[in-house]
Amino acid sequence: MRPSKRAPDEMRPVSFERGVARYAEGSCLVKFGNTHVLCAATLEDKPPPWLRGQGRGWVTAEYAMLPRATHTRTRRESSSGKPSGRTQEIQRLIGRSLRAVTNLPALGERQIVVDCDVIQADGGTRTASITGAWLALHDCFQWMRSRSIIKDNPLRDHVAAVSCGVCNGEAVIDLDYAEDSTAETDANFVITGAGGLVEVQATAEVAVFSEDNLGSMLTLARGGIDKLVQLQKAALA
Amino acid sequence: MRPSKRAPDEMRPVSFERGVARYAEGSCLVKFGNTHVLCAATLEDKPPPWLRGQGRGWVTAEYAMLPRATHTRTRRESSSGKPSGRTQEIQRLIGRSLRAVTNLPALGERQIVVDCDVIQADGGTRTASITGAWLALHDCFQWMRSRSIIKDNPLRDHVAAVSCGVCNGEAVIDLDYAEDSTAETDANFVITGAGGLVEVQATAEVAVFSEDNLGSMLTLARGGIDKLVQLQKAALA
Amino acid sequence: MRPSKRAPDEMRPVSFERGVARYAEGSCLVKFGNTHVLCAATLEDKPPPWLRGQGRGWVTAEYAMLPRATHTRTRRESSSGKPSGRTQEIQRLIGRSLRAVTNLPALGERQIVVDCDVIQADGGTRTASITGAWLALHDCFQWMRSRSIIKDNPLRDHVAAVSCGVCNGEAVIDLDYAEDSTAETDANFVITGAGGLVEVQATAEVAVFSEDNLGSMLTLARGGIDKLVQLQKAALA
Amino acid sequence: MRPSKRAPDEMRPVSFERGVARYAEGSCLVKFGNTHVLCAATLEDKPPPWLRGQGRGWVTAEYAMLPRATHTRTRRESSSGKPSGRTQEIQRLIGRSLRAVTNLPALGERQIVVDCDVIQADGGTRTASITGAWLALHDCFQWMRSRSIIKDNPLRDHVAAVSCGVCNGEAVIDLDYAEDSTAETDANFVITGAGGLVEVQATAEVAVFSEDNLGSMLTLARGGIDKLVQLQKAALA
Amino acid sequence: MRPSKRAPDEMRPVSFERGVARYAEGSCLVKFGNTHVLCAATLEDKPPPWLRGQGRGWVTAEYAMLPRATHTRTRRESSSGKPSGRTQEIQRLIGRSLRAVTNLPALGERQIVVDCDVIQADGGTRTASITGAWLALHDCFQWMRSRSIIKDNPLRDHVAAVSCGVCNGEAVIDLDYAEDSTAETDANFVITGAGGLVEVQATAEVAVFSEDNLGSMLTLARGGIDKLVQLQKAALA
Amino acid sequence: MRPSKRAPDEMRPVSFERGVARYAEGSCLVKFGNTHVLCAATLEDKPPPWLRGQGRGWVTAEYAMLPRATHTRTRRESSSGKPSGRTQEIQRLIGRSLRAVTNLPALGERQIVVDCDVIQADGGTRTASITGAWLALHDCFQWMRSRSIIKDNPLRDHVAAVSCGVCNGEAVIDLDYAEDSTAETDANFVITGAGGLVEVQATAEVAVFSEDNLGSMLTLARGGIDKLVQLQKAALA
């Protein structure tokens, strides 16, 4: 039995609230159960310096947690000098995931920065961030098209993400904090609407895992991503 | 006429939502119009190192803005190494204001950290922070009393804050961003429920100001603080 | 009785020594009793980057203390990475005060940096800095005019500053370190030669203060500023 | 055809030279073709602070590249303030991989730091690092046992790593720099001697990938790891 | 002919003013011509951490320049994060020079920090610093003996320093800024009262130098140090 | 008797291995006994910013040690924020030494960076670095000439370096770590092929030294440099 009484293939309730950040070109408050992330997309007129003059744009992400998003207070990264390795790893993952479904030349020489700020954290903050950031990016592109900044939608597909794990030998989906901290194996999957794999990361936390474990987690993830993409579509409707 | 069509002594709509941060010992989402601040109080078992062994506690605050709280995106302070001078000035002001109404010996050798994170910024973020932080601190103390960690409420009084300014020669209260950026003089007042002054800061932005200007602003501030304290009381009821 | 035996409205002996920094375009060693600050103005050919092309100049200040300016040695800020919040707060205050009496367009696209280095500290270092920095700035402008870099004097008025406090319930002026550390309320006033208020900052240190307290301190400050402006004029004669 | 003319399942020549660092408790110079990494294990008498008093030890890793290990010179991280996100991600991966085969309680309250310094880089530096670090760790444990610091060998198994990729639609193993920079998908596998999966990381660089791609890469990786473990054994013989 | 019209073996006018820092345990304002350095010695009750429990004390130095000590303004090191390499090199040199004539066990488990702050710089700031710091240290030890903190004077001898150079092929002493920036060779000598060499540093700036050059500079330095030690003695009389 | 049983004028075995860094324009692995330094020269197309437009090039150096180059592990400088003062002092010394024999205008508006990374440290790392860096620089210039980037060899002479010391009152050459840590005086000499002095640095570590000591060390250094230059020539043959 999972600590949350959920079935192995049962995700937490997921919701999206678009347009929550008054000043952002696109925004979305995404909730995976008690994990709440505010995603806000900003249009910048210039691409990053290393991309100048190449006729392409860029999509990047920044990630942070409010100090009291967590059970015990976490120290602000502004006090410790620089984003931690974990933070940088997550923001690179979000950026790569969004770029995998974006037609960068169609964006022109511009950059979109998607800020993912965790308001409340109960496991799965990076997967919720990716899934919500896609909606913020979508709305930013819509805003740009409505102002004729770009003509075509640079988004080629949906992208969503979910975590899986092996707990007591069984594969489960969408771990909350309590489950995550005891999982034997921890994995994150980023998958497009068409089912293409963007990122697979599986890590032995307590014990090594088998190909069967990896397969079971991937099957669960596919099911979860299907639901998340349906919910993204519903949020846009 | 003010840009917001408000009367000179008219504050923006103010609201408080208590208990918004699931894991914090006390929390409050405060809104002064489009300025929204999430205040979360954390109990720490130890006082700061320089206060050890003196039989007293401490109350401190940290302040930050989400990057896209503002009209244009603001760079994260974690990328630039250290909180800016403005940030440090604001967090010291919030801390001093809360300590002015706290009986620190009654708190015991503990520290309360109140995080004030600006979700959306439209002027007056520091005054909204102080006013909301008082409720988060109140609820943290209540949480401690309900668990018999302390016996008496260390709060001696309410404290609230409001900004005033001189615009086109006239004193006005609770400036939003548009008004603040054109004000000739900018002031912040922190006042207790009993009317004691905790902090008066008035700065000539465009032109010097007179004692009459200072007096008019102080009168407006007293009226505003009275309303804010009423609203704090209503939120507790 | 004040620890220094001074009357409530009696400032410490004040002196100005112009031209003390051989290489600076303007300089002044200011003494408020045992508080000694070396102020040196530097002309820079370019305005700060964010002001380029606007046909205006800028005046800014930097502030620091020698490690052994104080009773016990203070750690150098170069060892701790960045100026402290207090340092930044003070240097912004000095800069704002000087700009309040400077005609920035008359300065052209240039910047003046006034360095205020505290050689010895006995309370009131920020007010002494402002008062002495005005002379350094004056002499820098004179230097520029004598070389026909500018035609008119960009200074519109004098500016000076003094601290006040409430000690044992009574308002007093120009607190030294011993008095400052026991004051109930601490205030700084920056006022122009014509009597315009530039900055009023009053803070409850031990107990809240009343409007009467604020009024008494302001009256004392006006008297002190009058004397400081007379002394600035005498130093120029 | 691969740029290096190798067959899809053909790794580069691999060699291990043990004992190259005169002062280290264990060391190994590992070469995967033109990728050369110097791994040096250091025994520290104390575990990291957060592990004190728990009767267990810790194994951690640090990773860096000489500035001219690469085709064009890379800036030293000591000039830029802190290890980059990529560096931190790699050193955490090496550490996790080594801990997956280490009996931490058997190590006692001590820490082993394995430094992996890339002398020359031609792709696959993290996989070469893991594979060579295992030998350095092995020799460090042997050194400790020969001095009776520990009684039993804390190593439970071999661990080795290899990269795979999808290039022109085909899965290939052990990519060098030229191949890596054009691969559609990039993956790293860390596997134990007994075949348990420790880490699977697959990333779409240019195009999304399929489950078949993932399966083919995993099959190649298993073959490569078998060879690497044989070579580790030969190096110990 | 030297730019300053001095003879090759002629130093600039040198003066020492003791007791200039009101709060320091020992202090001296030293002038070598237009180079002015304020040296202040601070007694700290504890030795540096790495010396604890060894029954010895330590003498160290910190060095800095006021921003406008120089012809053009120098950026504060507090803005750039850490003392520069040049600053660290100089403060280590001052510390070594003072320790060379100090009986560290006689000092007990204490540390003396001598701050050397350059008020005005015209070449030779490090040699003036060493020569003045010796007097500040002397007076600090005297202060300690007068309070019976130590019994015997830990100073074993005088120490002083002077720069020499080769300009137009000729050896000269005590270079000012104008001469220093055109010298072919630049050297610093630290010598004790008894004539023992503490430090010899000679650097080819424009052209290599010969043993004869080195010998001539050393001869000049001996003469200069003799005068400096006489002046130190006169300042103590 | 020296700890290494060497005669006072006997250096450790010295070797040079050219071309060890596959990607560098010039490289050399230099060994002075157990001190091993990898020197790699990189050609950069631009001079440093402050030299632009002056028709001259620049040669600079960076220096670092692998963490386990030393008997006990040394912390990486990338973890501590900035190169230490010692590191900066050494890299400036290497740069000055190489520039002393380089015709900078002949190099054109380019920069050569020579990285000196200490693989193993047993005393004398800075002198080995200089001596090996000369070969890396030589080969870099040869590489440039073979590609017609420059026409003439900018090198005007050889340069090499060696340490000397006074141990038990006797001058000795090329100290290893054991000898260095007990030497009374420590010195480094940088000398050209033609015998010109580039740098003389002698420091009293335990006791002051005499002119005789300095002379004896210089005589030993001359003999050692002669041998080193012969070995550089042999390595080029």
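Letters are used for the chains, namely A, B, C, D, E and F, taken in the order the chains are written, and counting of residues starts over at 1 for each.
Quick note on the criterion: a contact is a pair of C-beta atoms (placed from the backbone, for glycine too) under 8 Å apart; a residue touches a chain by one contact, two chains touch by 3 or more.
For each chain, UniProt lists the protein as follows: A, B, C, D, E, F = Ribonuclease PH.
All figures in this text were calculated on a predicted structure; none of them were measured in a lab.
Number of steps on the shortest path from chain B (Ribonuclease PH) to chain D (Ribonuclease PH), with steps defined by chain touch: 2. Touching chain B (Ribonuclease PH) and chain C (Ribonuclease PH) at once is no chain at all. Touch-path distance (fewest steps) from chain D (Ribonuclease PH) to chain F (Ribonuclease PH) is 1. Comparing each option in E-F, D-F or A-B with B-C by residue number, the pair that reproduces over half of the contacts is E-F.
Averaging C-alpha coordinates per chain places the centre of chain C (Ribonuclease PH) 51 Å away from that of chain F (Ribonuclease PH).
Chain A (Ribonuclease PH) and chain E (Ribonuclease PH), compared by their mean Cα positions, are separated by 60 Å. The centroid of the Cα atoms in chain C (Ribonuclease PH) and the matching centroid in chain E (Ribonuclease PH) are 33 Å apart. Shown for chain B (Ribonuclease PH) are the residues in touch with two or more other chains, namely 81-83. Here the chains link up into one ring; start at chain E (Ribonuclease PH), go to chain F (Ribonuclease PH), and the full order comes out as E, F, D, A, B, C.
Listed in rising order, the residues of chain F (Ribonuclease PH) touching chain D (Ribonuclease PH) in the complex are 21-24, 27, 34, 38, 40, 42, 44, 62, 64, 66-73, 76-83, 87, 113, 115, 117, 119-120. Every residue of chain C (Ribonuclease PH) that touches chain B (Ribonuclease PH) in the complex is listed here, in rising order: 81-85, 88-89, 92, 96, 100, 192, 194, 196-204, 207-211, 213-214, 218.
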